[in-house]
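What follows is a group of structures, each given as structure tokens.
Both complexes below contain subunit A, partnered by subunit B and then by subunit C.
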Partner chain A sequence: MSLEITRMNPHFADVMPQEYTDLVENGPFGRDFGARDLGSFKELFEEHPMCAGCNLSLAFRIIVASLPNPADTIMVGSTGCNSIAFPQLALHNVHSLFGNQNAIASGLKRGLALRFPDKVKDVVVVAGDGATADIGLDMTLHSWFRGEKFATVMFDNEIYANTGGQESGMTECGEIRNMAPTGKKFNKISVANLAIEAGCAYVAVVTTASPLKISKCFEKAVLVAREIGPTYVQIYTPCPTNLKLKSSESVSLAKERSKGTYQFREHVSPEAEEFLAARAEKTEEQVRVTSKDEEMHSA
Partner chain B sequence: MERYRVVPGPEGYLPPAAALHGVELPLPGQGLVEGSRVEGRTAALAIAERLVSASVPTFFPGPLLLWKSTEEALERGRLVREIAREVGAKVIPMPDYRPKYPMIDPAVEINPNHPNLTIWFNKIDVGVFIGVHCHQANLALKIIRGGTSCFTVALCAHEGHEDANASLRDTDVASLTALLDAVRIVKQGGE
Partner chain C sequence: MPDVELKPVSTEHLLRECQREEVFITGSEAVREAIRRANVDIAVAYPITPQSESMHLVGDLYAEGYIRDYFRGENEFAVMSEIAGAAMAGVRVFTATCGPGTLRAFENFPMWSGTRLPIVISFMTRGINSPLTIQPDTIEMGMLLDTGMIMLHAENAQDLYDMILMSFSVAERTSVHIPVGVFVDGFFVTHTRQKVKIVSEDVKLLPYDPTHSPVPTMDMETPPFRYMRDPFVMKSNYISYAAHASWQQEVMAAAERARPHIEAHLGSFVEQENPDAPIQVVACGTAVSQGREAVRMAREEGLEVGLVKIKVLRPAPREEIRRALAKAERIVIPEFNRTGWLAREIASMIPNNDRIAAGPRVFGGMTMPPEVIVDVIKGDVLVGV
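After this line comes the complex of A and B, so read on.
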């Protein structure tokens, strides 16, 4: 997809459903909207069939709103609760077989680079903890070893929520799940540490208790992946259905965990740090020039 | 073996792909009518006859026609609207292929994953697909043949669709102009 694809054929403008007219006129394509502006623009991810209080859908909404260049982004999903969200997304996306997402994204990113050598095309993988840390761990790690330039996002609900509640590698030791009644016997896998060891240029661990932090980390992950190398963002997204929480309680749990066993962590490689600093400086300069222009105009 | 005819349904749940019954795509210059290869002009006239005699003829323009307005797409769009006006057809777009939740609004859009909803809701008896990616068109055509009695037409920019009841191949500005002419001829009582 690219920006020109979001232009409507005028011969059919009168019959296009309102939703699409809204996406063209007030959507994020070619405009500088972000998670901070949620509610003020037409979003790419709106109605969805997830459970009430689902933190995965909240995280999904935030990252989709934070895409730096949605018109030139392709997202890759995998089996799990997020695969119910993906079909509702008004953005090109690929559903991979369970665990294959980082292998698919590797080929996609390389293919796009060959097909569109003069364009920036972002590839973003979004998968659950089962797809990323269990079934697809080899694909995930090898894409990082190879230095594939795309961002990987894990929605970590610490459970196979979609199939009734089996424990995953990301479940905390000792935790009991609906279909794991004797409790988890080994520690939670530290995928963030694996990502750093495997050479990810940017790694962040966040929870849904901090939407703007998710947004900032995710944006950094996409931009660093574009220029430098693989990146990884792990978001704690507690599942109210399997944890038997009221829908209003799941964010409170995320808040609680963010102060204890799920604290914010960020790893930025020296190269990525340099890149992000240069980018921030450039943005500040642009802001200065714009405000100077505005001052001159008002004078 | 008796030749399989690709006629309007309902053929039942999971209708077979016409290709499995030996229906072959038309050769350049040809079209398909009920699974048989015929001259392109013959196919255009058969489609025109169906459109003119239909109670609720409807065009379903797909993403390839609705978005990214190239000169070619603009001209094809103009011609589709012209043909639709000529036969008094509705135009219901297929803007993308999302299986939307909880369901699409069948009054204003059609979706390849459950096109039957739009056909049933609007009581469409002739549906014309144009500008829909091949595999999504095949999916929609099979579902429609499986569950509705709608006569389907595929105006394909590539090699045609064997699962449509009638299909033209290599549909471009010239062939749409020819279809418009065919519609006018049929309206005037035929050649």
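After this line comes the complex of A and C, so read on.
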């Protein structure tokens, strides 16, 4: 989008809501803010009504702050707790049906590619474990098989949190949940393995215990999806409400799991590796040039 | 790419003023000839008999450069979502399905209307399971009546061709902007050859302009970017209920606002022959063709019988039906389904609906011999509402 769109009309400046003024004056459009800068700029996602200690909203905040190109990013969600978060987002976003997020994103990305052939339009899917691995698994996988160029993020709380804590395919084997009254009878689905097998160019498994890792992996996923092919980031986002945890305990659980059954994993295809290396080199070069400029300036 | 550069023209110009040539083609080929000139950006396909051939031919148009993107989706539910995503991005889309595919995709249709997507879709109607059938049957139409989409029913390949081409301009109006379904009876029309008058190959419809959408296109070019600060779903308060209710009413109002635009192309929602006859046969789709032959046969026997062809099911042709049947003493409604949804529709529109003989109904793939309709016209067979 043109940054002109968000420019304040001076005649309306005195009647515009403060939050709009803040977004124009100190928001991330056209500026280089990232997850490290959280707290110092006006975020695109805020004032959400999620539960205290909700790790989904934490992960949501981090990824929205880490978008490489927020002014030209469209996000697609699905039914679940994320559909309560999405209306608080100041980006074009879609909630359509439960499970169809990767199908919507396929059409959306292709449509935008036709309308804006000379412009980068990033499409990012963010959905829960139920939407991604159960009801929408066929569409998740087929978007990857087809090589659709957008990033898919799963907020994995290992439960249908929004409907009251039912077992999902991502629940660990043996856990007792609603609709699994005697414990889950089969293993957690390895969507990360499926993603690799389905041809995703970049796959990462992270937890909310490492916000900066989420940020880094997510940014790579968006960039690789833009240039090379589908990408997948799975983020463990424990739900204090359904797990009956104190709100302060959910990140501790993520920390504990990150050392055991939810360890960091990353898969980078050779093509993605090459692309990311070239990009890092370019960034370094830019930093060198910039600091040289600064030196010359100060001299 | 097409051999000649296609000249973009208005729908009115294309359908009314362009020179037409008569060709002998199947219904599926009529779909291809309509889409060739429809300036479609993206089409998504999924096989199901008897629809498949239509979307094969649309695929050929993609290979020839008439469509900018085309692929086979993974199932009908996904295809309808893929088409929805493309429409949200602001491009013109087309797809088709039928019978079990329609039901597989069903959740998408009210979503399309509620999202105000100007999608044009064709349904080559077919029976639904069980037992398994691939034969013609219009049962799915009765199930789609309340999805919010505009519904047109083609009697023959000519209707199909014209209705598909006109649908884009109805669906894409700012004041309408809801999906249009063009229905045609599978096999009977799709797989038979008929004479169809098609316009020359050097024209196409003007492109879709997403800036005319009444809701923001999802492209981060159209403000507002934050358009809902408080999710009105899942809240238990009056404002939430009112927001949801008024949105749904607005979708219904959009269909009502489509009336003049549909009429501008079709002339009328219903066509009537022998309007003063005391017996009227009311039908849509190929049941109209069978009804027309039955009326001819009955008149030969000296009976006074008229025919009402319904072309538009949604928005409902209430006034038109009431007018057409004001003087009728007996109303015969032949249908290609077991549920008799059209008879129920008509019964809800007219006074004294005990005038209705809700039949004959054939299904399971059977044909409808006009003699069977004549039997009902004469009252030899008892059928109630």
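The rule is short, and it goes like this: the second predicted complex is superposed on the first by the 295 of 299 C-alpha atoms of A that agree within 3 Å, B and C clash if a C-alpha of one lies under 4 Å from a C-alpha of the other, contacts with A are read in each partner's own complex, and residues count from 1 in each chain.
Following the convention adopted for this analysis, a residue touches a chain if its C-beta (ideal position, glycine included) is under 8 Å from a C-beta of that chain, and two chains touch if they have at least 3 such contacts.
Owing to the predicted nature of the structure, the values given are computational and were not obtained by experimental measurement.
Undergrad: If you stack the two complexes on chain A, which partner ends up touching A:116: first (subunit B), second (subunit C), both, or neither?
TA: second
Undergrad: Go through the superposed model and pick first if A:83 touches only subunit B, second if only subunit C, both, or neither.
TA: second
Undergrad: So, A:4: does it touch subunit B (first), subunit C (second), both, or neither?
TA: Touch status of A:4: first partner only.
Undergrad: Who touches more of subunit A, subunit B or subunit C?
TA: Looking at subunit B versus subunit C, the one contacting more residues of subunit A is C.
Undergrad: Regarding the shared-chain residue A:139, is it in contact with subunit B (first), subunit C (second), both, or neither?
TA: After superposition on chain A, A:139 lies in contact with subunit C alone.
Undergrad: Give one of first, second, both or neither to describe whether A:210 is in contact with subunit B, with subunit C, with both, or with none.
TA: Touch partners of A:210: none, neither subunit B nor subunit C.
Undergrad: Taking the superposition on A as described, I'd like to know which of subunit B and subunit C A:15 touches: first, second, both or neither.
TA: After superposing on A, A:15 lies in contact with subunit B but is clear of subunit C.
Undergrad: In the superposed arrangement, does A:166 touch subunit B (first), subunit C (second), both or neither?
TA: Neither: A:166 stays clear of subunit B and subunit C.
Undergrad: Could you tell me which stretches of subunit A are touched by subunit B in one complex and by subunit C in the other?
TA: Dual-contact residues (subunit A): 5-6, 47, 49, 87-90.
Undergrad: Would you tell me which residues of subunit B are touching subunit A in their complex?
TA: It comes out as residues 61, 65-69, 73-74, 77-78, 80-81, 91-93, 95-96, 98-102, 105, 108-109.
Undergrad: Provide the residue numbers of subunit A that touch subunit B in the complex, in ascending order.
TA: 4-12, 15-17, 20, 47-49, 87-90
Undergrad: Which residues of subunit C touch subunit A in their complex?
TA: So the residues of subunit C in touch with subunit A come to 41-42, 44, 68-69, 71, 73-75, 77-79, 81-91, 93, 107-108, 111, 115, 210, 216, 218-223, 225-226, 228-231, 233-234.
Undergrad: Enumerate the contact residues on subunit A facing subunit C in the complex.
TA: Checking each residue of subunit A against subunit C gives 1-2, 5-6, 47, 49, 71-74, 76, 83-84, 86-94, 96-97, 100, 103-112, 114-116, 121, 138-139, 142, 146.
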